[in-house]
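Alright, structures below, take your time with them.
What follows is a pair of complexes built around subunit A, which joins subunit B in one and subunit C in the other.
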Partner chain A sequence: MQKVKSFLKSWEFFLILLLVAMCVVFKITDASRIAAGLQKKPIFYFANVVRSMRPYFLYSFMTLGMMLILAMGDIDISVGAIGTLSVVTLGVTYNRLAGSAEGGSPMALVAALAACLLVGALCGALNGFLVTRFKELFPMIITLATQLFFRGFSYLIIGGDTLTFKDPTFKSLSNLNQLLKFGDLQVPISIPIYLVLAVVFYFWLHRTGNGRKIFAIGTNASATYYSGVRVDKIKFWCFVIAGFMSAVTGIFFVGNSSSSVKADIMDGYHMYAIAAAVLGGFSTDGGKGSVIGATISLVIFGVVKFGLGTLFGFPDSAVNLSVGVILILSVLGPNLVEDIQNRRKVAQRRAETARLNAAKA
Partner chain B sequence: MQDKKERKPIYSILIEHREIPLLAVLALLLILVSIRVPGYLAKSWLNVLKNGSINMVMCCGMLCVLLIGSIDISITAILAFAGAVAGKLMGLGVIQNTFLMFLLGIAIGAAIGAINGVLMSYGRVISLIVTLSTSYIVRAFIPMDWLLGMNKVNPTQLTQGFKDSLINHSFLGLPFLVWLAILVVVVTGVFLKYTRTGRNLYAVGSNAEAAQMRGVPINRIRVLAHTICGATAGLAGIMWLAFYAAIEKGSALGDEMFTIAACVLGGVAVTGGYGKISGVVIGALMIAFIDSAIPQMGIGNSMITEFIKGILLLVAILLNVILQRIAEKQDLARRNI
Partner chain C sequence: MKKILALVLAMMLVLSVSAAFAEKAGEGITIGVVYKQSGNPYFQAGVTGFEEAAGELGFEFMHDGPDDGSSDGQIRIIENYIAQGVDVLCVSANDPAALVDVCNEARAAGIKVISWDAKVDAEGRDLDVEPASAKVIGVTQLDSLVNSIGGEGQIAILSAMATAPNQNLWISFIKEALESGDEKYAKIELVDTVYGDDEYTKSFNETQGLLDKYPDLKGIIVPTTVGGPAVSKCIQDAGRDVKVTGLTLASDMKEFIDAGIADETFLWNPIDLGYASSYAAVAMAKGNFTGAVGEKLECGRLGELEVTESDDGGSILFLNKLNSFTKDTVDAWVDIL
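== the complex of A and B ==
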């Protein structure tokens, strides 16, 4: 009973309610549009929504990395730039290794992918090193500087050019965006991969001591340090993982962008990652949030974008607007509820003391 | 021994005036560029000032926000929105007066900034999240059908007087664009240094609880700081419109990072409570200078400026910390601890 009660009060439950409410609204709109003769077939049904999730799950891996960092109470705004730099590395390395080989060479692609992931992890390591060594500075400022640095580095490597790859080996990366068939259901490949990773992250973050330490750091870093946790080491590795995850996102991104690489390919993507993680219950104060919440919030963003975009025919801008509104309300709402609760408590206390005083007199 | 005590160690001077190392770096860069491109400074100083003045105006607002320990990343969204609304109104013939345009821009910016401030102070939402959301929301309005749609504000939609107002009128050899930036800098500087409210910004930033105990209305100060920041961003939007004679939905996208970078370069502490207008001016000049000088030096490809800006910011903030640490060590050593 206690468990059910605490679940009903949890943030994840609220997110599920939000998701259900949205689905109902979209479903009704869908039905009414059919009734009005605006469209012939229903658009908003499960299989179609799942199939259309592909572009919205691109940055899900980045969100996983961002989760770790937000749980520690830090923030990393360089993840988009890290993704760009690792993708640029991927392109340049492949170009150098494959040369003019006919049809491209698979070995070169493997080496380039390895280099890409390595660069992502190294960029994360630089962030982690700076954050742990220069504690006087906010992680936000450090990652702002490294963001400019990484972005500049990718511009330094390929300038304003666009690298386009025509050979079939490199094109095989776009297989990452194909749809898997489970019976009637067509699922983008990124979703099962994300789910596997999310399960791993869930057990690590919520079920092992090592993962709980990350939340402990976010709640009170110095207390955690004095209870014998190597805070710096954990922080460092979390930043490395975040960098690695952005490189993974980058690989999916190349597959999506018709195998071309530009130096501003993933600019601004950190914002999507932060938005999804914050709606999922993580906070820049640290110590809060869960993998389940983040996963639901990714789905919510996907459904909102799909529903508003294809059902209502709103342009991208309206979709962005709704993302902004959801984000603000998701943080503002709990704060307001807390305020009201506090005020009620104070009023109760006051009434009680007044009664007691009256009884004394 | 006696002698030593009276002399201030060089580190502490450097710490007290964080803009000195910055000036040194700026001078070094200038010398390097002048060797490489003879007569650079004589040719392009006016261009540097012109291109830097819009960022300079936004830096003044950003300084106020950073002083209270907050941050605003919606400024470029406000810039684009204010510029788009004002440009659209001028295109429709509603506003023909140049002065009114500037007032309108400031009003729009201040209103959005005030919303940011209220959400951040009374709503207790972290400023990064608030301004991230408002930048999404505000920028989303620009491509709506009732505003610009998929188009942009074209030079033909603007009156000649408005287009001339900042560039073609000059006073003492400087165009009005630069004078406007100087005006904003001076007003912000005086406000922060000599008025009670301005000092309260520092108080809120260095210790909000202590400030509240002293009777400073911290929430109102926070709203004020964000309002100022929004107003400067709105003003910057109109300046952008007058300078480039065009604005679209993607104008200045992502440039807020350079505004923050200029402030950080100028020694403003992001934790709040520390920062001077002089440092910010030098920081903004430095960014503008790099933008103009590096492409002329002919090293690497045209995009190398991005790289140099990144390295410079990284080195500057790390150097600041290292200097501070050395100074603390020296202090301890002098007291024989």
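== the complex of A and C ==
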């Protein structure tokens, strides 16, 4: 009973309510649009929504990395650019190794993927090194600098060109964009892969000592340090993991782009990752948040963007306003509730004091 | 009696309305238009082409483009259109390769895919709609200049990079026309081809060189937008009576067209592109046009157009009509191109 009560008070429960409420609004809109003759067939039904989550789960892996950083009270805005540099490495390495081999070379692809993930981790390591070595600088500024560096470096390597690959081996990356068919249901392959990783992250972050140390750092880094935790080491590795997850995101992005690589991709993806993590309960203050919350948030943002774009006719450039509105409300909401509760308490005490004073007199 | 009369009248009304609807070929068809970037006046003009055709054919269309001109933004928009169940997609691709997979998914779902203005690679589309073939682009500029200089005299070409494939193709068709023995080119002499590398200063200096070297030069063809204003400015400063034509932006060339340095310059017409794409889309959705090479398509005010084979192996529909900027028309295009 106690467990149920605390669940009903939890942030995750609120997010589920928000998701359900949005689905209801969209479902009603869908039905009324059909009734009004504005569309021929339903748009907002389960199979269609699941299938359309694909673009919004591209950055889900990046969100997992971002959770670690935010839990420590830091921020990393270079994750999008790390993804770009990683996939540029992927493309260039594959071209170099496979050369003009007939039908492509699977070995070259494995090596190129390894290089891609390694570069992602190395970029993260650079961030981690700078953040732990130069504590007087905000991580925001450091990762702003490395972001510009990584993106500039990507342009230096391949310029404004698109690297395209015609051979079937490299094209097999398009499989990452596949839809798994279960009857009428088409599930983007990134969703089950994300869920597996999310379970791993969940147990690591919330169920192991090392994971709890990450939250402890975010709550009070000095206290954590003086209680014997090697703060810098943990920080460093969290940035490495965030970089690695960006490279993973990048590989999925290549699959999504018909197996082509460009230097301007994933611009702004760090914002999507941060937004999903923050709505999931993480904050730049550190010390809180949950993998489950962030996962629900990914779905919320996907659903609201899909609904606004298809049912409300929002242009693609405007759907992000929903992210802003939801974020502000979700951050302000709890604060407002707390504020009102505090005021009520103060008013009660005043009234009580006044009553006592009156009684004395 | 009154009731019967009312009933008859009502039935006539219904019939006439449905007859009016039945006349329109595109009734009930929905087209999803995707362009490179939202807020770009070039594509806003393209949308007016779709609007014009929608008025004639009665189809419905939605249009959108990403604000950052990215391919993944276009993929998002296409996914939304697939989810909404459009009948045809008309895409101006930010990247010909990146959209292939999502376009093929759309085709697997029974949606026809047309690229317009900027192609989707051949394996991901049913048809590409483009302004004009290389031959028409080359010869249109030549004919306009020949007209401007009274059919007689020396001309030169200022191109972009010496290696620019498009420009070289157009120039080869200009040369082919001049050597074809056609009567109207008999007194025209192409004396030189120089390269301004799409840089303003280099284009200006190369023009100065041409003017010094050929005192009787009558005209210059500039098949590159950067070169147009540079060449015109150079001629204006030198005070020479040399005419310019070429592929230029209306906004770049307005002052030189008004000053009489250029009588007529050209560029694509996004309105016509949208208009023709609409006709192709409706015909495809109706199933009486597949976009195969050799097929003919009735395109409203643009007349009958024929599908030819594109150099990437796919099929392409050329409008073969360039947008001409003259003293009378340039003002209308200044804010668009």
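Methods note: the second predicted complex is superposed on the first by the 360 of 361 C-alpha atoms of A that agree within 3 Å, B and C clash if a C-alpha of one lies under 4 Å from a C-alpha of the other, contacts with A are read in each partner's own complex, and residues count from 1 in each chain.
Please note the rule applied: a residue touches a chain if its C-beta (ideal position, glycine included) is under 8 Å from a C-beta of that chain, and two chains touch if they have at least 3 such contacts.
Just so you know, these numbers come straight off a predicted model, no measurement behind them.
Colleague: Is A:283 touching the first partner subunit B, the second partner subunit C, both, or neither of them?
Modeller: The answer is first: A:283 touches subunit B but not subunit C.
Colleague: Using the touch definition from the top, say if A:112 reaches subunit B (first), subunit C (second), both or neither.
Modeller: neither
Colleague: Touch test for A:98: subunit B only (first), subunit C only (second), both, or neither?
Modeller: Neither partner.
Colleague: Of the two partners subunit B and subunit C, indicate the one touching more residues belonging to subunit A.
Modeller: Residues of subunit A touched, subunit B against subunit C: more for B.
Colleague: Touch test for A:309: subunit B only (first), subunit C only (second), both, or neither?
Modeller: Only subunit C is touched by A:309; subunit B is not.
Colleague: Is A:88 touching the first partner subunit B, the second partner subunit C, both, or neither of them?
Modeller: Touch status of A:88: no partner.
Colleague: Going by the contact rule set out at the top, does A:55 touch subunit B (first), subunit C (second), both, or neither?
Modeller: second
Colleague: Now for A:267: first (subunit B), second (subunit C), both, or neither, which partner does it touch?
Modeller: A:267: touches subunit B and subunit C.
Colleague: A:40 contacts which: subunit B (first), subunit C (second), both, neither?
Modeller: Once the two structures are laid over each other on A, A:40 reaches subunit C alone.
Colleague: With both complexes overlaid on chain A, does A:146 touch subunit B (first), subunit C (second), both or neither?
Modeller: Once the two structures are laid over each other on A, A:146 reaches subunit B alone.
Colleague: Residue overlap on subunit A between the subunit B contact set and the subunit C contact set?
Modeller: On subunit A, the overlap between the subunit B and subunit C contacts is residues 267-268, 315-317.
Colleague: Note which residues of subunit C are touching subunit A in the complex, please.
Modeller: The touching residues are 30, 38-39, 62, 64-68, 70-73, 75-77, 79-80, 83-85, 95, 97-102, 124.
Colleague: Considering only the defined contacts, which subunit A positions touch subunit B in the complex?
Modeller: Against subunit B, subunit A makes touches at 75, 130, 134, 136-138, 140-142, 144-153, 155-156, 159-160, 263, 267-268, 271, 274-275, 278, 283-285, 315-321, 323-325, 327-328, 331-332, 335-336.
Colleague: Spell out the residues on subunit B that touch subunit A in their complex, using ranges where they run on.
Modeller: It is residues 71, 119, 123-126, 128-130, 132-137, 139-144, 249, 253-254, 257, 260-261, 264, 270-271, 300-311, 313-314, 317-318, 321, 324 of subunit B that touch subunit A.
Colleague: State the interface residues of subunit A toward subunit C in the complex, per the touch definition above.
Modeller: 39-41, 43, 48, 51-52, 54-55, 58, 162, 164, 174, 177, 253, 256-260, 262, 264-268, 306, 309-310, 313, 315-317
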